[in-house]
């Protein structure tokens, strides 16, 4: 059903954008290690390939770049990143032949197919976020930085087995009506989204940090809730006025 | 209302002091990373510019240096620090043109305007201090190192929205009558002060460490309080006799 | 009873395989540090020596390579690794003369003698796994990554004193009927196994991570169990289909 | 009362031993950072100077080397270590003139004067050990590695103010009748001893690790105690037979 795509046949602009995305995605995996979000080879980052045309327009392609499966973090380079279609099939001439895309590729692809605003996806099993996921309990919004970044609680997605579109569908259904860029998939761990891979990695780091802080707050008693109206004002200011910190 | 200040018009002594402060403030952000106090681009350090005159006197200027907004920690250098007036306005020829000061600048400026003894301010969302802040609960003084560094409990400030002087006013009101150089702003996180930026960074590191240690102590049962008289004696010795550790 | 083995008398293939194993085992100790599994000189990795013959067959020898006792992690090199027989006796010409094998060597040797499928063994006192071991409580399977890696709970082995075969026997008895590559020896800590040393080190890292995550999950309430049937399907897919992540 | 000692007047053997101790003590402070035992400038290591004579005998001198007060860890070198008499007075020509010995020097000196077997002393405020100290609760022996290293529980010492011999006396009284090389001074933190500075640093690292592990074990329920007879056998084997790990 999928048309066979060959990178060598695409125009220079697309091939340059693929090369840039490979570079960025490889480097951003280092941020997962740096912020303590992953152990061993767990965790993966992807980015949808976008082309900046000479006339200033930006065009989203139907390709994305993702981590190869089972490669150690210190061996990740732009060269061993995997290029995939939005169906999650790897592009043969975009990937070293002995490598396959991350086992979570189908979930990333589903998100790109169904959420136009998403340009980057990240999955980790970061400790505190995964602990909330094991209880299938959302992280309540009791911190101003949660209001800023997540606009409310971090929601829980359904329990879904790997192997078909269940995980992707769970992510999309949970995040479509939410201001949160993070979802805790039940008994599994967080997936985060962003306008590009860097934004999704930031969301993964912030998700773990607020999951940890609220867990610790609650161990010592009851955190004081923030009123919904104040959450709305903080989120609006941060998302629409701010842009930098 | 604010008179426009141009660095190029100031005397050599002030311009040299600004350059020194930029260097110090940039470098001290590395200490926030080193001691695990910040995630991603959160957290900021500032220092009021002070000039050492040839006759040995020290003169506080109405300028301070602060982190730019939204720049990654590994990209912070003396060159991209932002110079501001005590009203929190950036000095045009003291800042790369595409950068704006940290979104917390108004709070730093308010503190400098209202607390003469303060030469450095630090804000973080460090995990354990922020967890106490989420419960709006002061950290009780049950450790000799808390008596030394904080002279009692670490107090909680009011809930305040960003955008006007509320945060700055909350910090100043809470710390004015306290021996503590740290305040936990409700649902937000710690702000610390010091005679210079280095002292405020030390207070931020110690604030997180005692918040963590007392949290863990309390998870296992009831810490034994230290009598007020002994706290006073420890604090007096540390602050007035000691100076080194 | 043990025949005296001299490395110099063995064929080139075996000697090359010993040299390769020394290199790998020395380097893998760095992973114990990297993932925070050991303090000071605690913890040890071993690997059974296997020879790849020119005709493509792989032959398991009756030798294994293990950490020397009491040497600091930063001083571990291929040269100071210890070569032992499956009885746990060191090979004289395979070890610097002032060094002895890890005090846990007898346990490693017992495992190799009784579990043919095992090519690598790791022992640590990693914090969270050891905390479960102190309560003699298995880690329940409430995470998809536990289903993947461990196929169910992480079991507890008996309390056993060092000095004879008790520890080795406890490991083998507990793991023989289990899909888990990790056992929590009572009041002691985890031992993990794998097809080679790298797989056993991965199991040690994952064991600590799931012990930590499930501990934290449970501090906040009751984790939701995963049905046995779903655990089986996840484990089958991961072990038999997957191979990379 | 104290006779004035001048390093330049001492024999070559003693001066060489002082130089060696400065080197070791400076370097061992790096281990406090490496194992996460200290924040900012807290924590200190000392070593009593011992001379190895050409005839093979070892002679303990009445000098020890300790960290200077208030110097950042990254600036500690052999050159800025402080040489003291057993009364805790610094040797003028053994210390850069602007530096003073650690504010905890009196406690170190007291231990050397009253415990002949001690050649190294370490003090930290390491998080978990200090948390037990805040509750004045000993760490119970529920781990084989505690039996090995500490021979039983880690005891609590009295509450003692800095400024006279109270802290030193509390350490000596608590540890004199104990197999433990660590004492948790009430509301303050751990002091550890050893035959030399390296052994005392190891005890500090292990003290924090077992304090953390037993804390976490207890958060999840009741650890299973180890019978005294088994603790004795483990400790005897580790201390008298073993020597390496």
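To keep things simple, chains are lettered A, B, C and D as they appear, and every chain counts its residues starting from 1.
Note that contacts are C-beta pairs under 8 Å (C-beta built on N, C-alpha and C of every residue); 3 or more make two chains touch, one makes a residue touch a chain.
Quick caveat: nothing in here was measured; it's all calculated off a predicted structure.
Q: Tell me the fewest steps from subunit A to subunit D, where a step is a jump to a chain it touches.
A: The fewest steps needed to get from subunit A to subunit D is 2.
Q: Suppose a student superposes the Cα atoms of subunit C on subunit D; what rotation angle should they report, nearest 5 degrees?
A: When the C-alpha atoms are superposed, subunit C turns by 90 degrees onto subunit D.
Q: Does the subunit A and subunit C pair touch with the same residues on each side or with different residues, judged by whether over half of the numbers are shared?
A: Different; most numbers are used by only one of subunit A and subunit C.
Q: In whole angstrom, what separates the CA-based centres of subunit B and subunit D?
A: Going by mean C-alpha positions, subunit B sits 33 Å from subunit D.
Q: At which residue positions does subunit C touch at least two other chains?
A: Where subunit C meets two or more other chains at a single residue, that happens at 219.
Q: Would you please name all pairs of chains that touch?
A: A-B, A-C, B-D, C-D
Q: Inside the complex, what are the residues of subunit D that reach subunit C?
A: Residue positions touching the partner: 35, 142-145, 202, 205-206, 209, 212-214, 216-217, 219-224, 226, 230, 233-234, 237, 242-245.
Q: Touching residues of subunit B toward subunit A in the complex: what are they?
A: 39-42, 68-71, 100, 102-103, 125, 127-128, 130-132, 134-137, 159, 161-163, 186-189, 215, 218-219
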